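Next come two complexes built around chain A: one with chain B, the other with chain C.
Let's look at the complex of A and B:
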């Protein structure tokens, strides 16, 4: 009863989604957006007319002006600095625009150009000091804040009357300040355009990537040849220009040069930036985050003002939000990977009946023997991690190695070893096609093809993205084993879509069906996911009817058959289940049966743990990785089975010295060649009563002279 | 070359002597007993604040919220006495508020790991906003009869020297003792020099950092009391002024590098004298407030640039996000 409940709970409750969602980068933008919605909803319920068009247009105008400044600050923060002088630059450029327009009577385009230039120059002072002289950004911009502010104070003492008494009546100037297109204020429109351009700049263009790289790690950016100092300086210039754009709109809207313009603006903008989720210290941030932050801050301050809060309350609210946001951001950035790695592993319920006996004297098809005791070794100490082995029709022996090579042992004595091809990832399952091309599954890379002359070509490394998956499952993470049908359709297994190759034991800890079987059509080049939700699918072999494949589910401890053509197309049937060990590769035997490698034997402790997902979750959180309960892959065996699911014969090695671990086996001319992913050798075993002329290539593709 | 390698302390002292000499010769009314008294009085509060700032700067931090600690708790004392509470009770409340404030600062910086500039910028706003919104009825909190006797903290003379100067002197001695003679003083230098090394050697870095900010806030509060006593009121809008930059100027000009681990009380005294002379001279020259700020800003900028050459940032221990 309890087991049933547990199994239902783990079948229908998607535990794995939390970790997958958290590891998405967009969650960091989603949180401020949710906050924005909450704030907007709360305020619209407590304040009348909060969502009226007039009120919204007013908010949009303010948001546009502040938004420009926030964009500039975002840029500076992403590059790893900070700009506190924006408030003073805002005031000075506001003055500059109004002075040129009202006192000097410049035409509007010239005023705009000169104001932008003024902003650029003021920003350039910061840029030179921080970028080139490498001063501390915070203290430097704090000082330029005072200098600019006192310069502004001195200037308005002289000119404020002249500016206040002028009433420019220029339509284009008024349009900048108060105009709107289709009801959307000019400033908001311009902001949207600038924001979109900024987004493309930051995410798609080289300089934008340089900025993020410098913020992420200044020294690494320098070492990789990015002009660090110039880029930083230019960011401050850009901040000055963007601030002056905001000031232009402000000047044309209000046309005043009051003493308190821009005072404390830096705190508002900084709060918006941090609240939007742009990380202090650099390297992370986006235009969208900046915009969301501005909206939240504006809604809150406007809301407080509407509710007649005292000046101090407003200040406290801003400071409080700023502190909390900074704290959350800093803690999150620091612990992000740790939190994700803790919640990412989501074990599920996996019940297996007690395994069939294997002990000597107990009988049964799996009864242990010592047939493999005297296996010969090939390439002892010269090859590492041959997961799969295969022989071509000229009797040469191929095996993958941990170093990313396909090694070839030359017939007839297999003493001479050469690098057949270098791929770069760990080769796993292998198969020859009709044209003698060697198809190899490469863990972490995908499906590759090696032509007879040793040229490496990529066959496929992605499949169709499934709509219901949170993780991007279009890339192949762990292509494992393959076989090729008569029509040139390659079926290969991908053991897990949630983990990398070196993390396969964690997938075993989860015991969820994370794997899938994918087909690749050599004629059309189309890759398609055929089956999903398999528990670590591994070995694949085309069955005798040519319309189905046999595949092994390692952590499912079962062999299944999948029809890809014919009357039973699309059906999956269980051939064998409840194996005493974890099945790995499947290959043809000369007598029409199939060879199957059991990479390790089940243990009562892990079988029990698989029924206790909560226990495994706690283990994953509290115990160091190297002390987890893992699927045991020390001892294994080779069995021969038929399509009816009957074990014909089994081969054990009680001593485990000559060939300790078996992940694959291949029959060839009366011998069985053994591979093991943790081994430093290839095993060779003389089969009794086997066809001495059996060659897999000839059997599959016909004998060639 | 070696002949010209003065340390910053000597350079600044020479600048001070030069300024003093030039002002004495060219500025009418500079070298009078009255003016000297004003100069020293004005300088006293700044000097005490400089000492407070020095402690955190030596520990590789900075405290922008110092002016809030100067304005709000002493303002609270005046306000409470005005509202009829007794002086000791008011003082105790103010000290508790200050300690709480210092703890918040310290916790944010040491435990939440918010950069000190950033944390104190925000907490300063928070405390000032609290004062504005909840504690004070007017921006300038007036002296009330219940405070009688307390003004001696900032007014009058002892042995012919104004009390505020004595207060500065006492503060100097206390801080010098803390920094030079106690164990946690040595810890502050160690943390400022290399926080990671300090932590690895077993220094309780986080509690010490919290302690720094508590002590700094307390000294700031003390400076505020002296200030209130000397002008018989607490103008809480001082928070909006540029006083904090003067304090940073004192510390940086005096030769306490912003990268931490260096300097002491003597540096603060020298820095205070230079700034005091400069401000006083500018006031006599009748330069406007904005003009004075402009000059101060430029001088501070030059000082920071010089500091960055004399005490370059230690890139090995500089943190990501250490802006």
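Let's look at the complex of A and C:
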């Protein structure tokens, strides 16, 4: 009963998604967006007409103006600095625009150009000081804040009357401040255009990446050849220009040069920036975050104003929000990876019935024996980690090694060992095609092809991304074993899409169907995912009917058949389940049956733990990996099974001294060759009653001349 | 209330009592492989305890009492029940605990009838006997509910029902000295009290009449067991098995423990054992994977061999180990005889002999 509840809970509640979602970069934008929705909802409920078109248009105008300044500040913060002088630049450029227009009577386009230039120059002062002279951003912009503000105060003393008395009636100027297109204010439209360009700039263009890189690590960026000083200086220039754009719209909307213009603006913009999720430490941030932050801040200040809160309260609220946001930001940045690593691993319910007996005297097909006691060793101590072994038509023996090589042992005595090809990743399953090309699954890299002369070529390393997966699963993480059909279609397994090869124990801890089977067409080069949601799919073998493949699910303890052609195309059928061990590679036997390696054996304590996901989750968090309860892969065996899924024979090594681990086996001319991923040898076992002339590929495709 | 909240927070965060850390083998407990080089005197089925009167060596092997002289083992006698503890008495006598529930005192090893028999109803798992200074006997009883050989269940049930008794052969009175111990296993007279191994709390306590036990040596990375006096002053403390983080974790997981005890054969529990590596059904931990044909000696021990030399104050001087890749595991008894240390490795069923010459100089210089 309890087990049923647990199984339902884990089947329908996707625990693994939390970690996957949190590890996405967009979650850092999603949290401010949620906050924005909450604030918007709360205000629209407590204030009448909050969402009326007039109110929204008014908010949009202010948002546009402040949005430009926030974009500039975002740029500066992402590059690793800060700009406190934006309020003063805003005031000075506002004055510049109105002075040129009202006092000097310049035409509007000239006013716009001159104002932008003015903003650029004011920003350039910061840029040169901070970028080239390497002054501290905080102190520099604090000083320019004061200087610009003093200049503004001096200027308005002389010209405020002249500006205030002028009433320019220029339609294009009014259109900038009060016009709208389809009901959307001009400023908002321009902001949207700039924001989209800015987003593309930051995420798709080289200078944008340079800015992020400098913010992330200035020294590394410098060492990578990025012009650090120039980029930083230009960011301050851009900040000045963007502030002047905001000031232009403000000037045309209100046309005033009051003494308090731009006072405290830096706090509003800074709050918006931090609240949007742009880290003050630099290197992280986006246009969307900036926009969301501005909207939240504006909604709150406007809401408070509408509710007749006093100015002091308003500013205090902003300062409080800035403090909280900065705190959350710092804690989150510090603990993000820790939190993700804690919630990413999500064990699930995995129940297996009691296994069939293996003890001597209990009978049954898996009864232990000592047949493998006399296995001879090839390359003992010279080869490391031969997961799979394969023999070519000339009886040479190939095996992978953990150094990233394919090693070749030369027939007939297999004493001479040479590097056949160097790949770099750990070779796992191997198969020859009709032209004697060796296809190899490489952990962490994908499917590779080695021509008979030893040239290494990539066959495929990505497949179609599945629509329902949060993680991007298009890259191959752990290609495992493969086989080739008569038509040149390669089926290979990918054990897990959530973890890397060295993290396979974590996948065992989860016991979720994280794996898949993928096909690669050697003729067209197309890669396609065939099956998903498999529990560590591993060995693959094309069945004798030529229309289906047999595959092993290691943690599922089962062998299944998948039809890729014929009347049952697309169907999956269980061949054997509830095996007493963890199945690995499958290969053809000379008598038409199949060889299967059991890489390890089930233990009752782990079987029970697989039924208790909460226990495993806590174990994963509290106990170091070296002490986790593991699938026992120290003892294994080889079994032979027939087309109907019946075990014909089993081969054990009771002491496990000669050949501790078996992940694969290959029959060739009356011998069985054994591989083991953590072994330092290849095993060779003389089979009784086996066809002494059996060569796998000769049998399937005929002898080559 | 605050305590309950704190305990909940500890469990949630894995702090305080919920931590599963195990002290490392360091200092005087720095690992070596000395026990692996010990000479095997005798291989028998179920060796349990040793006793010596200075010349003869008695070995409890299941129901049989063996004597070992000059390398020749001979059966002295056998009992109806398995012997659970052995102690040599002054004047050639022998005290024998049978099945954990009775203690028989014989005038000599081959005497027909016991001189005195203690069969208190409180006895359940008498696992060690020691001679006190005043000719009385000290007996430790591991558990009030689990039998002598069922100690793993006692650990997994978190029982704290170990007791220490004083047996007076003169008046035939049994006096309880201490109770509520986490599996009392082994005692040795010390002053007017006794040093007692409290296995499940990983410590050595001093039990004195009329006082609560005083901690002498705590935070051991192993589960201590029987101890005997060493010739040069001090003690030999055996440790029948070692702690691991996984077991500490399982001890804090009531749900898993309950189902494990109900559904799984005790041989395959996630619990400490006297021997390991016999079946693939035993729980395997990450570091146990044989890599390039080698099992790492530093892997978490499911079974372990250790005897610790303590000084007269009960502090460790040096230790002799058989690590995870060894076989002489489950050391339950050690006595000094001549210049040798004779040990029982219950895991492989061996009586071992290790020459002590040079050991103290090697470790304590």
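By definition in this document, the second predicted complex is superposed on the first by the 705 of 705 C-alpha atoms of A that agree within 3 Å, B and C clash if a C-alpha of one lies under 4 Å from a C-alpha of the other, contacts with A are read in each partner's own complex, and residues count from 1 in each chain.
Note that contacts are C-beta pairs under 8 Å (C-beta built on N, C-alpha and C of every residue); 3 or more make two chains touch, one makes a residue touch a chain.
What you see is a predicted model, and the numbers here were worked out from it, not measured in a lab.
After superposition onto chain A, the modelled positions of chain B and chain C are compatible, with room for both. Using the contact criterion defined above for the overlaid structures, shared-chain residue A:137 touches chain B, although it does not reach chain C. In the superposed model, A:605 lies in contact with chain C only, and not with chain B.
In the superposed model, A:556 makes contact with neither chain B nor chain C.
By the document's definition of touching, neither partner reaches A:177: not chain B, not chain C. For chain A, the partner that touches more of its residues is B, with chain B and chain C as the two candidates.
In the superposition on chain A, no contact is made by A:613 with either chain B or chain C.
Touch criterion met: A:661 reaches chain C, while chain B stays clear of it.
Of the two partner chains, chain B is the only one that A:82 touches; chain C does not reach it.
In the superposition on chain A, contact is made by A:634 with chain C only, not with chain B. When the two structures are aligned on the shared chain, A:513 is found in touch with neither chain B nor chain C.
Nowhere in the superposition do the C-alpha atoms of chain B and chain C come closer than 19 Å.
Of all the residues in chain A, the ones that touch chain B in their complex are 80-82, 129, 133-140, 142-144, 146-147, 149-151, 153-154, 157, 217, 219, 267, 279-283, 310-320, 322-323, 326-327, 330-331, 334. Those residues of chain C that touch chain A in the shared complex are 14, 20, 244-246, 249, 253, 255-256, 259-260, 263-265, 268-270, 280-293, 299-300. Every residue of chain B that touches chain A in the complex is listed here, in rising order: 62, 108, 112-115, 117-119, 121-126, 128-134, 242, 245, 248, 258, 288-294, 296-298, 300-301, 304-305, 308, 313, 315, 319-323. Those residues of chain A that touch chain C in the complex are listed here as 384, 505, 600-606, 608-609, 612, 614-615, 618-619, 621-635, 656, 660-661, 678-681.
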